[in-house]
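Reading through the structure tokens given below for one structure.
Note that the chains are named A, B, C, D and E in the order they appear, and that numbering of residues resets to 1 at the start of each chain.
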């Protein structure tokens, strides 16, 4: 079974996994980060409390988080097709993955930002900082270590979701593991795949922790 | 279609979902919380640095996080059977869900605890607090708001995973949504199911935020 | 220096509402701070000083009353206007509130960035200020690597960075040794003189008030007990609260002196440095003992107090007292209950 | 009180290693603190005071040298022993470091819980201590609802809770007004007398040292400049660093006095309260002007300094100086460079 | 169905394309296609197999023109799907069928089946109906006839032994066998799970409804029936090489159709 095509497939699987995971994470952050910031900003104890907008956003985020991934996947098919012209393959999977991960990211970001010391927020307010400046120059930089740690969590969680890419012929290591390990019962391929997955997770998680610690100036 | 048996099914779905979600969350915390605490404790900048144990635990956590849920599910079948005498039904699903969620919870807990001010940790060290006392009386209580927020995130994430319970006859709303909405195209049932899911998520997330804010004495 | 109130506080109250209890942190405060003032605020711990200063830039929203800054009612301003107003007020916080993830230098640049100053100019200014507070070598250090006093100095430098019209200082020198305090106070006095910056300063150190303030308010239990010129209040504190603060040693010394004809001579700057006590000794040919002395030479005038013990002889003691009175000095018998 | 070193520091050094730079926060420190001492540590901002005190309970691991506590080398203790040792040391932090999620009362109970005291006893003790620091009404308040000084007082109460053998105070009164400071100092002095607790206190306020310390160390640029009895060091500061700290006003007054025969008379407790200056004035029938005075009556003895201006007449001035010398007082000409 | 026309046109109408893109289930379809792929290569076609672990997406993708054909479903499912999703997909050839079998779990024979026994069946629509029909054939239950090939647990009209039917993902069935009394398992999954056809207590009989209603077909978009490469695909799958492979590999759990 260790022929060239298997190796080829595993190699491609690693590539696809990285592609889907990082792509989705990127877009999930592009959407989720601002949402998380808005959640913190509009909250009752935020820098621009706005009960109505907060509630609306809160519900939207929860709503997206409530959809089982497969349901979400078909619900956004028309959108995916409109956007990419296809609903197949790793690129197409990035769309539902992003939509599914963005509210998750928003919640993680919300959690990180809520840990920023009120004192420094007040200090910047006393200097006449605008909401945008507080977000950009205080909340995000001060929460940086926590944001990075949570980003590692987001990446590994999204990586987990890429296993479901098989539903739409997406590919990737998770899909390989399921196809061979689950459907075909070729457990040696599954094993290799899982080991590769472990390595990938280890790299992301390790990197996240390392960067977070290196960039944390509090200790 | 709104016959009694459908209502019955939906009602049971809500029950099963809550059961699986809360059960898994509970056990995931019973395992994941201590792991998260140990990760923080043994880290290089922790209260009992221990590079070797840390690395081992770190890899184990990453390892478990690397398994696609379905693979994990089949991998732990023997264990589930040994533990419960069956691999079917909502209770059996709790086992793989717990194993899959515990390392996720560990990472979330790790993130929360890392945000605790070093000053208060030093203060308790200066009083001769043992590691256990620091954990119990300083790290966990001081990180409480963040822990609760993250718990809400964990619950909703685990809720998402229960949708895959259908693989082993677990049932629950997610499975109903997939079976009826997805495979059978009875979209009205799906809609109701998704609405129910949204309500459940909204309740957990809302509750989490509310408790976290009420219990936060910093503002 | 033109004198108009830059900060005016009208019947301001602030109540913190807890779950069970209410804390009336400020009650019916009225205050005028003129442009160019160095305005001291003193009071016991928990009196409401920090809350008052935080109301001045609306970090704390008053429960009642108004705060006028430069004639504008701060509560009536829209967000943008409030931001503008705040940009002309620098603030030094009791807990410093430095950005933990920025270097000392970048912390000082922070208000400049907010005000839209370009990077190069900001860096140059930060460098100047670091020099001014004696921390040039710590430019690249993070707050967690600084000592308490160093953090405080960075906080001071940060507040000065934008050359604000008003500087609100909540215990700006509490973590500093006397020498560093002196140089910071000299710095504050200098920018006050040169740039006409108004300074509001909360402090526990009477010497800070003496050294640089021209006006002072004494807050006691959420209310203003006394407010006026420093020389006046420090020589004639009227309310018990003020006496308590201005002569904290009073009670202590009193115990030792009572029943021995001890009197306190207060120098409030009106008598210049003539040898008044020595002359009196010579005049009446009788020694007096200096029991306690705390005097200072400010701008060539004498300030402070001396407690002396007059001779046993009643008539002589009387005469001496009158002699001092005639010299324009305030003389009080030190008896049991004088603060 | 038996006198043996409870804390002994031997050739201790501490270097912070950053990415680019090294900071030598402490260099070759040798120090003995006897049981029952109230030991003051003073020094300029950034001198290394906090680092030194943090080394005393191993919060900071010394780069070199040893810290002996009660005869035990702290670095040689195992974890459990170190915990035991730390439990007999209370510490007050410069930044308070209160638990934000606990009430004031629960913060005070915290060290008791750690020491395994039962809940009821802990609560009772907390109540006592809250009363002692004047915050009974704030028992249920959280640190975020307390003023700076109130937080500091809770930190003090917390450090006292377990009746430690040694109390390490990093600026225990910096956020307190003079009256509260006095009462806290009285409290410290009292527990020192009654229970024989050793107190190590970092401070910027010379009056704190004067009021309660019996020994003092002056740290200057990471090294111990001087160390000894307070009376000695405060009357005869030898090193420039010490002079600078003990007479911070020195330079200032000097400028005003130079060339006018000004002399500084230092009272170090050896002369009791006899009217020495007045007697001198009477003896020589010539007035002298008191330019600056800062004296205090401690235990019936005079401490502090008075700067007086002698008559223009050289010979008379000379005689007066000799007169003072004969009285056992330390007299120095105030010239340009005396601190 | 909006917006995808350009893309689908490219794929579908470019008959010069030598690439045939086929959607398939991982097992056994994708495995069978791999064998066919070698045959097609000789004819100058390249087979691009896209594996789906799902039964809806491959039809939708085909309908949208993202696939040229798919091979994962039986005729009944296809008809059912066309009806529900409004697609126009047609079969151009039945390749094989996978007889369902009843396998022993905790209960070793059909006769000794106790009351309240648990029987696991596949959870996808038509396989579930098939399973129920197979159980009906064994006289264990009765299913409402009108439900036909859409029957679910809800359509059981008579259940004298009060059998508990548990719906499980098809590939999972062989794994949970110890936890149920009986399980109805697709042949290929049974083989993968280490079972033999001969172990089955009952099997859908050859020539029964199963062979006519459940042959796994090659589905294409209506109008593409005569595309030569698709015809070549069907031919290759019906070739002797493939048949031999199927028979050898699946040992009766997958049965080639002539």
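Points to keep in mind about this one:
Heads up, the rule we're going with is that a residue touches a chain if its C-beta (ideal position, glycine included) is under 8 Å from a C-beta of that chain, and two chains touch if they have at least 3 such contacts.
Which protein is which chain? UniProt says A, B = ABC transporter permease; C, D = ATP-binding cassette domain-containing protein.
All values reported here derive from a predicted model rather than from experimental measurement.
Shared contact partners of subunit A (ABC transporter permease) and subunit D, listed by label, are B, C. With contact taken as defined at the outset, there is no chain that touches subunit C as well as subunit D. Rounded to whole angstrom units, the spacing between the C-alpha centres of subunit C and subunit E is 87.
Centre to centre, using the average C-alpha position, subunit A (ABC transporter permease) and subunit E are separated by 35 Å. Rounded to whole angstrom units, the spacing between the C-alpha centres of subunit A (ABC transporter permease) and subunit B (ABC transporter permease) is 17. Shared interface positions of subunit C, i.e. residues touching 2 or more other chains, are given as 95.
For subunit E, the set of residues touching two or more other chains reads 56. Contacts with at least two other chains are made by residues 70, 74, 178, 182, 218-219 of subunit A (ABC transporter permease).
Working note: touching chain pairs come out as A-B, A-C, A-E, B-D, B-E, C-D. Those residues of subunit E that touch subunit A (ABC transporter permease) in the shared complex are 2-4, 6-7, 23, 25-27, 30-31, 50-54, 56-58, 60-61, 64, 66-67, 171, 189, 192-193. Those residues of subunit B (ABC transporter permease) whose C-beta lies close enough to touch subunit D in the complex are 117, 119-120, 122-130, 133, 137-138, 141-142, 144, 215-219.
By the touch criterion given at the top, residues 70, 74, 77-78, 81-82, 85-89, 166-169, 175, 178-180, 182-185 of subunit A (ABC transporter permease) touch subunit E in their complex.
Residue ranges on subunit D touching subunit C, taken from their complex, read 16, 18, 20-21, 23, 42-46, 49-51, 94-95, 140-141, 145-150, 152-153, 170-171, 174-182, 204-206, 244-245, 248-249, 252-253, 256, 273-275, 277-279, 281-282, 285-297, 300, 304, 306, 309.
Note for the complex: subunit D touches subunit B (ABC transporter permease) at residues 57, 59, 82-87, 89-91, 93, 95, 97-102, 110-111, 113-115, 142-144, 162, 168.
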